[in-house]
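Letters A, B, C, D, E, F, G and H mark the chains in the order given here, with residues in each chain numbered from 1 onward.
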Amino acid sequence: MTWSVYLAGEIHTDWREDIATGAKAANLPVTFTGPVTDHDASDDCGVAIMGAEDQKFWHDHKGAKLNAIRTRKMLEDADIVVVRFGEKYKQWNAAFDAGQAYALGKSLIVMHQDEHQHPLKEVDAAALAVVKTPQQVVEILTYVINGTLPD
Amino acid sequence: MTWSVYLAGEIHTDWREDIATGAKAANLPVTFTGPVTDHDASDDCGVAIMGAEDQKFWHDHKGAKLNAIRTRKMLEDADIVVVRFGEKYKQWNAAFDAGQAYALGKSLIVMHQDEHQHPLKEVDAAALAVVKTPQQVVEILTYVINGTLPD
Amino acid sequence: MTWSVYLAGEIHTDWREDIATGAKAANLPVTFTGPVTDHDASDDCGVAIMGAEDQKFWHDHKGAKLNAIRTRKMLEDADIVVVRFGEKYKQWNAAFDAGQAYALGKSLIVMHQDEHQHPLKEVDAAALAVVKTPQQVVEILTYVINGTLPD
Amino acid sequence: MTWSVYLAGEIHTDWREDIATGAKAANLPVTFTGPVTDHDASDDCGVAIMGAEDQKFWHDHKGAKLNAIRTRKMLEDADIVVVRFGEKYKQWNAAFDAGQAYALGKSLIVMHQDEHQHPLKEVDAAALAVVKTPQQVVEILTYVINGTLPD
Amino acid sequence: MTWSVYLAGEIHTDWREDIATGAKAANLPVTFTGPVTDHDASDDCGVAIMGAEDQKFWHDHKGAKLNAIRTRKMLEDADIVVVRFGEKYKQWNAAFDAGQAYALGKSLIVMHQDEHQHPLKEVDAAALAVVKTPQQVVEILTYVINGTLPD
Amino acid sequence: MTWSVYLAGEIHTDWREDIATGAKAANLPVTFTGPVTDHDASDDCGVAIMGAEDQKFWHDHKGAKLNAIRTRKMLEDADIVVVRFGEKYKQWNAAFDAGQAYALGKSLIVMHQDEHQHPLKEVDAAALAVVKTPQQVVEILTYVINGTLPD
Amino acid sequence: MTWSVYLAGEIHTDWREDIATGAKAANLPVTFTGPVTDHDASDDCGVAIMGAEDQKFWHDHKGAKLNAIRTRKMLEDADIVVVRFGEKYKQWNAAFDAGQAYALGKSLIVMHQDEHQHPLKEVDAAALAVVKTPQQVVEILTYVINGTLPD
Amino acid sequence: MTWSVYLAGEIHTDWREDIATGAKAANLPVTFTGPVTDHDASDDCGVAIMGAEDQKFWHDHKGAKLNAIRTRKMLEDADIVVVRFGEKYKQWNAAFDAGQAYALGKSLIVMHQDEHQHPLKEVDAAALAVVKTPQQVVEILTYVINGTLPD
């Protein structure tokens, strides 16, 4: 049995690599997926491939739709969706992904620090786990897959 | 044929009333629903009914789950979900509702000002309309229901 | 038991009225829905409500999405979808509606003349009835609802 | 993670081979499927296997249903459906496939030239990308799978 | 709460009337639906409305598809599907309806005499009740709706 | 907007009446449904209508299936499912109903005393509210419907 | 791309082997499944494993339910369901399987001789192909998979 | 064709190993899954990974939700769900799993002794087999997969 885990949200730190490294060290049968984390590519992909737009709205629109092709496939294939909220930016796309994941019946894990506890209460309430660190995600995966807890 | 419209998001201005008033003036066969807009009640409902909690996390958790009973029913019954993003606050629950609405196949209308265009690009890209004012929502409802445009 | 019938496709002749008149004469418990048939309003609704666009593509895009709000609701509520292909124009939206209706499990009735039989063979093969006239649609509705045939 | 892409629509040019060649050159983990592109076989398969028909309607009907066995399987297995509209013919089956793909929740990419922009506006509005060339499809696949843009 | 009950199968005796009469006498909030029971109309509806066919296969095909419009709507709207197998004929359409009802998650009640017990074992095994008489159907409806048993 | 609430579980006290009375006093637009609470009728309904059985297993089997006709309809129609676990008996059917309700996406409210907290932890974790009294259910319904809290 | 084909219905002739042999000769990527064709085992499996029953009804009931475990899995995994009606017996389980397959959205192929055309008209009308011989099934599979017709 | 079987319920005896050993001896293509059977780990996993709780309710809540990540994935991937009720404890989670499995359309096998026949009648009535021993489960798997009965 293989598990598929989509890592949504914040793209400015190495949390995805931390989780992947930890899961590999624990030999977990997990495939990780996630959004394109090259911020410029993600913003400009639409116009780069399909032609420039005068309006920023349509520039962004074309890019967001290309990214949606990737997100849709990876969300639908996922067993677990981890959504990390970072310290900065609006991050509405993170909450939007969380909403989709929940409605699709995926197991949702939310990662954030205490300062965001109140505004994230609806997202947390829909989650099966709320954590602060990549290490906790690795521990959860180790437990739900192998049944073993950290020492 | 009756239409059901869920009005999600910002709860600090009168936009819901503006839409309802406009729809009534236009005699539209629409039922509007929305979250509890009494901010204190919404925050404290869980502990008020089911008992106090020492931890803010669980205080919020119990409340958010009660609110989820309302949201789930109203989202599932809705034909159209309008999500308004205001000027202030994190508003992750608005984006979370939008994500659920999209995954449930609801027609999504997003309302926000230009300043939020870039961080909302993924939500906008999933929407069937992006507007700035309650009046535009009324005009959209008038058009999709009656086929008539504003003069 | 009430039946809901969506009348898709060609908007340049009075076939919808003919069906509605016939159904009324036969006292059938049917509610008819259909697209906005005011061609100009249908083309321009997006920019009329949400602002002008320089590009024809986005002009059309905004309008088509508003119309999709109407179509989605009415298709989903329909028991039967009748799609009429006329003599002129590309009419790809008619075939697109037929594809949606079929995938949604709706009973599909296709109306067209003999000249279009070959290019419509895939659509016809997905249909439960292929007819040429509004009168035949009324007769089908009369039969499937009341069990009676024309004299 | 493997991607499955169904290439629907026009069968008179080599666009499917162009996409497949480009995807292979880019080493993309994609499986391409598509309709039977032997036009005569596609038209006559029904009667060739199940016996001749006097009426052209039933001749076509039997064939279209056999082709539907293939289409249904491939559409359902697909992550992405690319629909190309060519310069000639009615191509209602292309729009019919697009409608099915959209209702099944597949990511839709539409390929056509400017001349068809207006009559395809409903299909384009349902798509996550609108392109003109096979090369653009390869670039989109490269981006959504690998996150890299053309130089 | 209203219940919808589809009465499928044998059309040569008055069992549907017996059930309806019994339910009315018991004041049950039940709407009954069923196939067209005029055997000739049911066989010939297709050609009567859409034109004659030389081949018996297509004559029957066109009629069966019209009847399917009715069956689909009524099966989908039903809470309970009662299927009666009579003494005569192949009655494959009764078993076909039972299969559809079961796959759609409807509560299935099968009515037949002992002589057919063995060949109907798969259908009976999928049913929530197996009965012999219309009176038993009325008693079941009375019990599941009102909670009362026959004296 | 009307709400439908299924009251599952314990049938030996008047908790259903308490909730209904409270909801009526609060003028809530709620329809309550629930299992047959006549214990003997519930046990014997199968054999009373469809004939006696020598084996207790089949006696119970026939009855349980009739009750399932009622449960299926009412669970599927419900927006909210309240499951009460009493002090006595195994009550596996209550937990079985809770499992069905959860998998069907219903909002689940669980009612039990502290002594059962540990063995019910999986059920509680799937619920949107955990309460001890009928009064709390009324307060929850009042809040989620009207947005008002108890004084 | 691998295809899964469930071969339902008649178990007294070698038609399943004929199809499998033909498909193997044509190198088709098809996995065939089907019911247990050992008639005695199929009838007695329930009591052989779970203990004897006095009543023939329950003897059959226990067996039919075990067989349903196999059928459910194989039907759900199938892309195509072929149902063969033989010359003898009631064969209601064949029609029941066909009904399930149709409601599950599987591509249905029906095999029978002319004598059964009329009583099978509803099943035929739901099918994408109606054939008489195993050879025709092999030819259909060859066509829908490879796009090639028999010489 | 590989089968996936989830073994739910009682965790204090070796019944899972007995089934796995028997299935291996019979060379059955079955993958078995099940809950974490380390009772302490299962109870404490939540707080061990995500931090201690003062309240037993929340201690259990966090653990039950982690276990739900595992259960959801394994239940959804399962073709068959076997639920064993032991002699001791409330075992409401076993019945809760059974309810979920049934609502998800899984083939349900229930294992228990005679003493629990009456309180489990609703669960048994939803099952496709009711057995007493692991050996019977192996025999059922052998039959439904290979079509062979025990000597």
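Brief remarks on what is shown
One rule holds for everything that comes next: contacts are C-beta pairs under 8 Å (C-beta built on N, C-alpha and C of every residue); 3 or more make two chains touch, one makes a residue touch a chain.
Everything numeric in this text was worked out from a predicted model, so none of it was measured.
The interface at A-D recurs elsewhere; of C-D, E-G or B-C, the pair that shares more than half of its residue-numbered contact pairs is B-C. Here chain B and chain C face each other with different sets of residues for the most part; under half of the interface numbers are shared between them.
When chain centres are defined as mean Cα coordinates, F lies farthest from chain D. Averaged Cα coordinates give chain D a centre that lies 44 Å from the centre of chain H.
Taking each chain's centre as the average of its CA atoms, chain A and chain E sit 50 Å apart. Centre to centre, using the average C-alpha position, chain A and chain C are separated by 41 Å. Across the assembly, chain D contributes 65, 67-68, 130 as residues in contact with two or more other chains. By the touch criterion stated above, chain F contacts chain E in their complex at residues 31, 33, 36-38, 41-42, 44-45, 48-50, 62, 65-70, 72-74, 77. Within the complex formed with chain E, the chain G residues making contact are 56-57, 60-61, 63-65, 67-68, 85, 89-104, 116-126, 130.
Taken together, the chain H residues at the contact with chain G in this complex read 1, 3, 79-80, 105, 107, 109, 128-131, 136, 139-140, 143-145, 147-150.
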